[in-house]
Structure formats: C-alpha cells, structure tokens
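In the two complexes that follow, chain A is the common piece, with chain B as its partner first and chain C second.
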Partner chain A sequence: MSATLQLALGTLAALPGVRAALAATASDGLAAASVAAVDVDADALAAFGTALFQRTRLANAAAGYGETRQLSLDAEHGRVFVAASGDFAFVVLAEPEAAAGLLRVALLRALKAVA
Partner chain B sequence: MTQSVAPWLNAPLAEFVRQARVGLAVALEPSGRVLAQHGFTRSLDVMAICSLVAAIHASSSELGRQANGVPFGPLHHGGSGRQVFLAPATAGSGTVLLLAVFDERTSLGVVRHFFSAFAQSLAGVGDGDIGKAPMTGDFERDLGRNLAMLFGRA
Partner chain C sequence: MDAERLQAWKDELARDGQSPVFIPLVDALRRLGKLDEAHRYAVQGLERHPHMAGAHDALARVMADRGDEAQARDEWEFALRLDPSHNASLRGLGFLAYKRRDLATAEQLLARALHANPADDGLATALRRVRTELRGSERVPSAAARNGARHAPPARANAADEARQLFATLLGDGDRTALLLDRDGLVLAGTYVDGNGRDVADEIGAHLGGLADEATRALRQLGLGRWESLTVEAQHATVALAPGLEGAVVMVAAARDTQVGLVRRLLAQARQRASAWMGVAA
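Presenting the complex of A and B:
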C-alpha cells in the first residue's frame, strides 16, 4: 500500500463513527486496501458499495445530470459513502450517528489526495 | 431459465444467477459433464463450453501445483464487454466447476461474493444427494444424455 493511500485510509478510519474505510476498483468492485473493524466484510463492502455507485453513475448520466462525484446512503443501522475518480473508489461504512458532512468532506479530500 | 440434471444444484444456481446478475452460467464436473445451465439456448454451445472449461480448469490446476504447490483458485478473464469467472466448489466428496459470464450490469466483486454463497450452499450437499444424477461410466453417453435433458430432448 502506498504511503498516500495508507494515510488517506487511516485518516478516514479515524473519523468518529467510521467502521470501515477502503479503497477499491470502481468497475470490478475489488478491495485494494482497507482499514476495517473485525466484523466488517471488506470484500462485500467493496463489491456492493462500488456496484451501488456504478448504478447511480449510470442513472445520473442517463438523466442528464452529468458525472457522479459521491454517493451517500443512510440506513437504519448505518451509513455508506462512496466517492470515485476514474476507476478508483473510496468506500466508507459508518455508524448512523456519524457526522455525514464531515465524512463527505474528508472523503473528497482523500480522493483528491490519492487521485 | 435455469435447467439442471442435478436437483441439488437447481436452487443454488438459480439463486446465484439472480443475485449476481450474470447472463450465462454453467455448472459442470471437472470431467466436463454438464450438470446445470442458465441462459444458453443451444446444446452445442454448452457442450463446447464444458469441454473448454474442463480443459482450462485442468491446466490451471496443474499449473498451480507446479508453481504454487496447490491448484490455483478462481479464474477471471476480463473482456471489452463481457467477462468470465470460473471457480471450483466442493459438493460432497466431489468438485463442481461454475462458469459465469457477465457484463457491466454487475461486477467481479459482486460475482465473487455470490459465488461464495453458492459454494457454501453446496457444502451442505451430501454424496447421497449427488448420487441422484447417476453416471453410467460412459462419458460421451452421459454428456449427451445430460445435454438432451437440459434442452428438452430426453
């Protein structure tokens, strides 16, 4: 893992409420590196997080909304954030009470630093 | 539509196809004998693919033994439009090979995830269940019979 990617993942994972932060290939949905709680299936998170993002990207493009930058999903027991640039994606899994705004900003910063 | 000559494969394969959103899928024995398929309309295609898959699996397994001491695991080939995923799963005391062909509607990560679920569901299959699809010992006859059953000519 490169130092920049390691730093970006470490920064994301250290944010309050974050349970997993991982880097993945956006098209294949394969995890490249991750920092995750032991009960988090990083491979599944990478697969489904990027699959959701790709679907959203296609839907937004079809609707004429242009390029998708970030996806956030709020569920009863947690939140998922995905941001991608080209074929590189960050996926973050967080507790429901995690600060969404802070996470979004951190995610975009991390993506900018790595991409 | 999922078609099978092995009843114990019906539900796991149909579930895999539905969840992983693959277009084509074939389950076969390492010998090349087809057990179940989804998405194919011609028996000749299935027969050719089973032969190729059996050969690829045999080659990559032996290559793995030579290079790594143990057979290689799942294999993935990415094409410009379609991709192929091939992996072995244990069923009873035997092995079932699963070949899946998919496109941009899904991803390798998703296919791998649901293959794990498919393999887990086969782990509960006993040799007694597998025996419901008997082999006569004549490979060509078995293959021909299974293809005929899959494509409604039996």
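Presenting the complex of A and C:
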C-alpha cells in the first residue's frame, strides 16, 4: 500500500462515525486495502459498494448525465459512501448519524489525493 | 454481483462447456451492462443446449436489453414450445406485450406465468396493473359511445399516458424526471428523459433491474438492515432512489444545481405516490 493511500484511508477512517474505509478496484470490486472495525466484512463491502456504483454509473451514462462522482446509500443501521475515478474506488461505511456532508467532501479529497 | 463469482462461473464453463452456469453468468453480465459479453455466452450456451428453455430465455433477455424485441420474442416463443409453462418466457413475452400496449395478450401471458409461480409478488403486481388498465380501456369507449362521440378516444393510450404522467405534477417544469421500476427493471410508470428530451427509461431499467434485491441481500450480509435511499451525484444530475412496494424502485433525477435536500423530498413524495398507485388494484 502506498503512503498516500495509507494516509487517505487513515484520514477517512478517523472521521467521526466511520466504521470502515477501503480502497478497491471499481470494475471487479476487489478490496486492495482497508482500515475497518473487526466486525465489518471488508470484502463484502467492497463488492457491494463498487457493484452499486457500476450500475448507477451505467444508468447515468445512458441518461447522458455525464461522469458519476459518488453515491451514498442510507440503510437502517448504517450509511455506505462510494466515490470512484477510473478503476479506483473508495468505499466508506459509517454509522447512520455520521455527517454525510463532511464524509462526501473527505471522500472527494481523498480521491483527488491518490489520483 | 461480485467479480469472484463471475470468474468462478467463467472458469467452470472453461472446464465444462456443457455446464448450465452460463445462464446465471449471462444474467449477471447483462445486469452489469456487458451486453456483448452476455450475448457471446448466451449464444454459446444455446449452441450447446438448443433444447433448454432457459438457454433461449437467457438470449431473449440480452436481445430485449439490446432493444431487439423481435428476436427476444422469437427466443421466448421458442422456449415456450419447449416448455409451455416456462415462467420467465411467459413473463418476458407478457412484458413485451405490455410495452406495445397489447394489454389483453399481456394479461393472458402474465396470468399463465403467475399460475406457474404463484409466490412471485412482482408478477402479481404487474398483473394487477395490467388488469386495471384493461378495465379502464374497456370502460372509456362505452362512455364515449354513450355521449355520442364520433371518435372514441384511444383508451389504451390513456392508460399508458396515465402511467407516464404519474409523477408529472410533483416534478414541475424544471429539469426533473421520475420513474417507477419493478424488481426486474421493467418500467411501470413515469419517464426518464435525457438532456436531448429522449425517453431512456427502458435503458435505465435494464441497468437497474434487480438492484433492490441485490441491495437487500448485501445489506443483510453486512448487518445494515433495510435500505432506505440511495443518492447518486453525477456530473450533470443528482439521482435519488428508494425502495417501493414489492421490490420496486422509485427514482428521481434533477439537474445538478438542485439542492440534494429538495431531490430527497421529491423522492419521498414520488415514493408515496408510487405506493398509492401500485396499491390501487391490490
């Protein structure tokens, strides 16, 4: 894991309410590196987050909405955030009450840093 | 769909060309939008299993996603010759009939499919919808005749328009659009208009079919409970999605400069309207 990626993941994981932050390949959903709470299945999170991103990316392309930047999914017991550029994606799992705005900005910054 | 499972299916096919795993593989590739690859595996599978109804169904789905409804229909009809109660083919032909507004045929096919698989809630909803529209289309001409109208209005078009316009009053005149998809990505109501005014609802449905089920499964595995909403930020639009009744998905898209809070409010309203609309004939 490169130092930049390590720093980006560490920064994301340190944000309030974050339970996991991981880097994955967007096309096949394989987790490349992660910082996660022990009860989080990082591989499953990477596969789900990137698959969801790919689907919405294709739908947005079909609708002519341009490049898909990020998504956030709200569930009963948590929130999943995904931001991707090319074949690289960051996936973050946070508590339901985590600040969405802060996380979105942090994700885009992290993506920019490792691009 | 995780990449490992896709690769495992491909490996199994490489080892054993007769394996039936080409069917879930084609379906997964299709849902990922990899239609050329899905087509290749579907054709290979069909060559090896020409008498398997599921092989014809797999190719039909790819062709339907490619917009080649004639070949999709041929494949589903062939599948039904092999297996007259083949559920997926009845369903596929039913939805094609619904799309071309042949409601009587759609009703007949979907009823047969439901008879073969009574536990399919999505199918039951679709059939109720078709029957409601069918009843509406039967009522309108007689009313017109009673009023002495010389030209009865095209009732089927009215039912279709009603579905297309379901969200129109919510969305206003801005750059907004909304859609209701069933669990397989079939467009039930609304429109999805791209920047050039073209309705791309069917394409969107093809990409997002199965999303609700996939999200439900994955979130259960991750211990996150039910999914409540999904917000996607693209270069020119913000898109928000939420689960509807019986595995359906409601989605709203608005121009990028629309506040995310407003998009979410529109989504909540669209979801409410979609639930009421789907429940009408329940």
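One rule holds for everything that comes next: the second predicted complex is superposed on the first by the 115 of 115 C-alpha atoms of A that agree within 3 Å, B and C clash if a C-alpha of one lies under 4 Å from a C-alpha of the other, contacts with A are read in each partner's own complex, and residues count from 1 in each chain.
Going forward, contacts are C-beta pairs under 8 Å (C-beta built on N, C-alpha and C of every residue); 3 or more make two chains touch, one makes a residue touch a chain.
Note that the structure is predicted; figures quoted are calculated from it, not measured.
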Key: Fit or clash between chain C and chain B when superposed on chain A   = clash
Message = Looking at A:15, would you say it contacts chain B, chain C, both, or neither? Reply first, second, both or neither.
response = neither
Inquiry  = For the three-chain arrangement built by superposition, which of chain B and chain C touches the greater number of chain A residues?
reply    = C
Query = Counting only touches as set out at the top, which of chain B and chain C does A:62 meet: first, second, both, neither?
reply = second
Query = After superposition on the shared chain, which partner residues are touched by A:24: those of chain B (first), chain C (second), both, or neither?
reply = first
Query = Does the superposition put A:5 against chain B (first), chain C (second), both, or neither?
reply = neither
Ask   = Between chain B (first) and chain C (second), which does A:102 come into contact with in this model arrangement: first, second, both, or neither?
value = neither
Request  = Quick one: classify A:33 as touching chain B (first), chain C (second), both or neither.
outcome  = neither
Ask   = With the two structures laid over each other on chain A, which partner does A:114 touch: chain B (first), chain C (second), both, or neither?
value = neither
Request  = In the overlay, answer first, second, both or neither for which of chain B and chain C A:72 touches.
outcome  = second
Inquiry  = For A:44 in the superposed arrangement: first (chain B), second (chain C), both or neither?
reply    = both
Ask   = Which residues form the common part of the chain A surface touched by chain B and by chain C?
value = 27-30, 44, 47-48, 51, 54
Residues on chain C engaged by chain A in the complex (per definition of touch) = 1-4, 31-33, 192, 194-196, 200, 203-204, 207-208, 211, 214-215, 218-219, 221-237, 239, 253
Message = Quick check on the complex: what are the chain A residues that touch chain C?
response = 27-30, 39-41, 44-45, 47-48, 51-52, 54-56, 58-60, 62-78, 80, 93, 104
Residue numbers on chain B that touch chain A, as the complex places them = 78, 104, 106-110, 112-113
Inquiry  = Quick check: in the complex, which residue numbers of chain A touch chain B?
reply    = 24, 27-31, 43-44, 46-48, 50-51, 54
